[in-house]
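Contents: one structure, followed by commentary.
When the chains are written out, they are named A, B and C in that same order, and each has its own residue count from 1.
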Amino acid sequence: MRNRYFSSDPAQNSAAVALYDSVANLPLICPHGHVDPRMFADPEYSFGSPVDLLIIPDHYIFRMLYSQGIALDELGIPPLSAAAALRDHREIWRTVCANWHLFRATPTGIWLRDELADVFGIQLKLNSRNADAIYDAIEDRLSHAEFRPRALFERFNIEALATTDAATDALEHHQAIRDSGWGGRVIPTFRPDAVVNIDSAGWRANIDLLAGIAGVDVHNYAAYIRALEERRAFFKSMGATATDHAALTAYTESLTAADAGAIFGRALKGEATAKDAARFRGHMLIEMARMSSEDGLVMQMHVGSWRNHNPQVFARYGPDMGADIPIRSEFTKNLKGLLDRFGNQPDLTLVLFNLDETTYSRELAPLAGHYPILRLGPPWWFFDSWLGMTRFLDDVVETAGIYNLAGFNDDTRAYPSIPTRHDVWRRVCADWLAGQLLREFIDEEDAFEMMRALAYDLAKQTYRLDD
Amino acid sequence: MRNRYFSSDPAQNSAAVALYDSVANLPLICPHGHVDPRMFADPEYSFGSPVDLLIIPDHYIFRMLYSQGIALDELGIPPLSAAAALRDHREIWRTVCANWHLFRATPTGIWLRDELADVFGIQLKLNSRNADAIYDAIEDRLSHAEFRPRALFERFNIEALATTDAATDALEHHQAIRDSGWGGRVIPTFRPDAVVNIDSAGWRANIDLLAGIAGVDVHNYAAYIRALEERRAFFKSMGATATDHAALTAYTESLTAADAGAIFGRALKGEATAKDAARFRGHMLIEMARMSSEDGLVMQMHVGSWRNHNPQVFARYGPDMGADIPIRSEFTKNLKGLLDRFGNQPDLTLVLFNLDETTYSRELAPLAGHYPILRLGPPWWFFDSWLGMTRFLDDVVETAGIYNLAGFNDDTRAYPSIPTRHDVWRRVCADWLAGQLLREFIDEEDAFEMMRALAYDLAKQTYRLDD
Amino acid sequence: MRNRYFSSDPAQNSAAVALYDSVANLPLICPHGHVDPRMFADPEYSFGSPVDLLIIPDHYIFRMLYSQGIALDELGIPPLSAAAALRDHREIWRTVCANWHLFRATPTGIWLRDELADVFGIQLKLNSRNADAIYDAIEDRLSHAEFRPRALFERFNIEALATTDAATDALEHHQAIRDSGWGGRVIPTFRPDAVVNIDSAGWRANIDLLAGIAGVDVHNYAAYIRALEERRAFFKSMGATATDHAALTAYTESLTAADAGAIFGRALKGEATAKDAARFRGHMLIEMARMSSEDGLVMQMHVGSWRNHNPQVFARYGPDMGADIPIRSEFTKNLKGLLDRFGNQPDLTLVLFNLDETTYSRELAPLAGHYPILRLGPPWWFFDSWLGMTRFLDDVVETAGIYNLAGFNDDTRAYPSIPTRHDVWRRVCADWLAGQLLREFIDEEDAFEMMRALAYDLAKQTYRLDD
């Protein structure tokens, strides 16, 4: 299916095929995602059942089933209070297959179909009739050595894969990977949200963890900054090239050391207000930019997700249950605090992601088309889809060009879906460039160079993976 | 014109024709609209002149003429103060035809053209040259029995048609329809805005009407709730399956009974503030969800229209004069009050409509793709158009799928335009699905099942019209 | 390249060619832009070097190079503090050409390519290899008399060109043009921002300039209004048909004369607050509408640009350095003050521009489709692009039709790019109308009349250039 997903216009279709073919064998650069490093630490790591692999960890899938009235318990999601979740995985799989029509025309539907075909060699359509046969086939494949994570890493032609790790993580799995002598490049990413968001549950306990692992007595703001710098240095020594920061808004503000210290002091005593938390987070984003300007770690911001929007689901199952809902975002005003201080530094890179497509053409492209530090991340989450990516290219390229983009990242914990996700991105780009080429906005030389940049070079360069 | 409006790409065009043909004979489900039930109560009901039928009640038409400097008086719109409006309907029709170029490439232009052709059998283009001939032809048709509302109902193949009725409406026309023994299914919809919006003109008088018709002395909040429940039960007994709620914003908030009672008391005394009104409306939306969870009526919310934006037009002609202008909408925060209480109930249905397309992909699709109670209504008002519908499908389906949609409703008071409006929706869906099919996102089985769902099943199921 | 940029669908392509050809020889109407009138005052005016002509004045170009880490100094932009900027223009040109890939798929890239081909007769692709040859060729062309501004004006077939001029401008270049007997219609536009924005740097000094040039002692608000009326009359006597107003938001509010006078008094004493400034600006927009309703000047508003967002660039180079970033806009509420007073006057015209595409379908089209005074300006700035214009037509025409649009204006200071910019607009319209025609939304008569309106008539009529 070389021309899968391409325009039905014959000229555009064949131009897209040529562009796609030119990058089809390039390795995958995976600079941001949530794959569990443990997979690679243990050479004999097993994925478990088909449901363990494909359903239980994938909130894209079970949120949609839930929206149609299927209880999460029936899908094997373990309630926090329960000793164990539903264990009849074949029955869960049948429920999923019986409702697979819900995923028609969704990226989730396309990914799983392509993943089954391309990774598992299973061409059957997901439905009640085929449920058992598909289950058996996946189970069979998973029992073979070529379906171990490391084997797939090589088969997937992954050049580098970054995980996302708490600032307090000891990175023992990353250490184990290094120690094992295996050649795959799996690197950590420094994500300090849990020690930065002073209003998050467990912040105080995380500060203690931070103190312990950094070997710094975090009794005040200066010590806190030292501890964070310490951890960044450790992550960098373990191969990290980037940090990641999640925030409800992009608000940034430079506090004086005295103000930052006072807020931090209140937080230690459990007396910080909501406003303190917002200002401190905004201040710490600038502090992280300052540290990045010193240690060279690429900075990422993921903005605009209202986490755990459904209190009943959160109470029963915990976080990351498909109930994170986007809110409107704003960058022109909110990011000014950070840009005023670091926006003009060409040696610093800040990659922006968000879930409000209205910002693409109005704010993000004009900002990235001016400020040297900015790059735009690919469409995130709900927008990691054919039409979402197409809208992104339509909305940003005319103003920012493609060289202010960060290429693609799959941002997934669903490891075997990685090749499919990159494939969709590459196909979107090929289709889009073919349209540009046929309308003569660009010529062939442009198109092929842009294709390669979007498929490979931009991600590698942006995340400094080219050393 | 089997392939009217479809893509000029030959492959997509013929796929769209096949999909369209597969639903062309399915009945029309009209679960939300503003047709006057009086039309069906009187078997001899006459539409009046072509201008009475097509121009005077249609603010889509006269707002556009007004925008180009044509006074509403010249179009037969009666000023509130005037004994009578302009009565030379042929002259009005000539004015409309002479300016019909204003409607080029608009849905209004397309609807009227198709309606004249498909319902009235008139193929002439609307312009000054043809004005009189078209007027004569419409007048002639309207004089025949097959152009009475009931005859058209059958010709249009309408399976069910819901009107929209005030909570205080006695539903005497609906009663007359039932009593007449005519078989057409015309049902009411419970719309309590005029007794819920304590800041609206006439609220106090409407409460008296409510008390009278419900037979409840509405002297306090508890009695008010009882009266509303009483009315809902009556509407349900008359065939209603749904309620409808218009609101400037989607704000919802659960008040304590004490707070709700205090605000209601202030409102009775004419002492409620603007903030009281906003909070009370937000609270009553949740109360209506509570009642729906008990009586099973499907709940609809139409959000984001600034009504009567033009004070001069409002003063001279009253409401609904084409001067309602959309404002920005927000659901993630605003709807949380209601969702926190009722979002997880699969037996409850809330259909959302709004006029801010930015919410489609950012808020509505993610919400509908998670919460069991939510369904997305079709594009409303200005967006009930070829491109508006296409953008809607583009923006929501990848995240919410199609099974979290409510299918189509025509939302019109222009009765003879109903088949045309459904036809445009079905054609948009056929064209869109054909595109998905040719790009191999879906296969033929998917496409035909989705086509039927979008054209018929989803509306019927969502509005519980399948008993 | 008659079919440049058109759809690759053969039927749509040839329909677009026919539509385009029908307007290809119509003159250019340029009712809003920033060309320097001095160019036409001096028959021997020279553009300087290729870099003086094409790079240094064009913030679209150097902002993109800057975003990729190229210092503005290296591009010949003079720092405020420097005696002189980098003068080796050939070296600057080489830098630009070496980085021209950054402009792939951007309107800037397309404009310069087309301008070189169509105006300068240079077909070479911009890159390092061709840099010197292109530089030499441009330099050669500029040395010939047919590349003087007046000669190009005739070759470009410009029927009228409006400049944008401060309220305090003596218009001596416009006077010189008139005195010279040259037949080109170059007219001023009245832009009073610098004397209206009481919080802008230099406002007080500008009031003195205003007083001096108007011959009115501007000691209070009444005198200020008189001085502005005086200046408007002068601009009108010099051929102006329009005014222009830039504002961060569209906020309008009618102040009492007493309140306006009090704020003006505080401003004169340097004591006005930020809130005073916002209210005064909102009030003055209504005052300007009042004056327009008397003198017939068409009013333009450009809303939503955060000027000089980058303080470091502003401090070093001053304003207009490619660091203006859009913000979210709102019209339904903000414009109500003005519309309440003047919205229904068909003899008054207000043309709206902004940089937030979400307002197109949600607010601007519904407003323009109702209020007689409103017209929608073409996509502005970042959205003056193929996809930006296409989205604009997609988003507004279904609701507002095309007869509530203001046609096209190039809004450029890059004089030799004018034909190219109009050409892109005409091609977008031809392509878009061809799509509408093939889908049978419109017929051939409609399509050709709409084509002419969009290419020529609407701009001429809206800006009252038809006398």
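Convention: a residue touches a chain if its C-beta (ideal position, glycine included) is under 8 Å from a C-beta of that chain, and two chains touch if they have at least 3 such contacts.
Keep in mind that this is a model prediction, so the values were computed, not measured.
Novice: How much rotation, in degrees rounded to the nearest 5, is required to superimpose subunit A onto subunit B on the basis of Cα coordinates?
Specialist: Fitting subunit A to subunit B on C-alpha positions yields an angle of 120 degrees.
Novice: Are the two sides of the subunit B and subunit C contact the same residues or different ones, given that same means over half of the numbers occur on both copies?
Specialist: Copies use mostly different positions to touch.
Novice: Need the CA-centroid distance for the pair subunit B / subunit C, whole Å please.
Specialist: The answer is 40 Å.
Novice: Could you list which residues of subunit A touch at least two other chains?
Specialist: Residues 9, 358 of subunit A touch two or more partner chains.
Novice: Under the touch definition given earlier, write down the residues of subunit A that touch subunit C in their complex.
Specialist: Result: residues 9, 11-12, 330, 332-333, 336, 339-340, 343-344, 346, 358, 361-363, 365-372, 374, 394-395, 397-404, 435-436, 438-443, 446, 449-450 of subunit A touch subunit C.
Novice: Name, in rising order, each residue of subunit B that touches subunit C in their complex.
Specialist: On the subunit B side, the touching residues are 1, 4-9, 63-64, 66-69, 101-107, 110, 125, 306, 309-313, 322-328, 355-358, 382-383, 385-388, 391.
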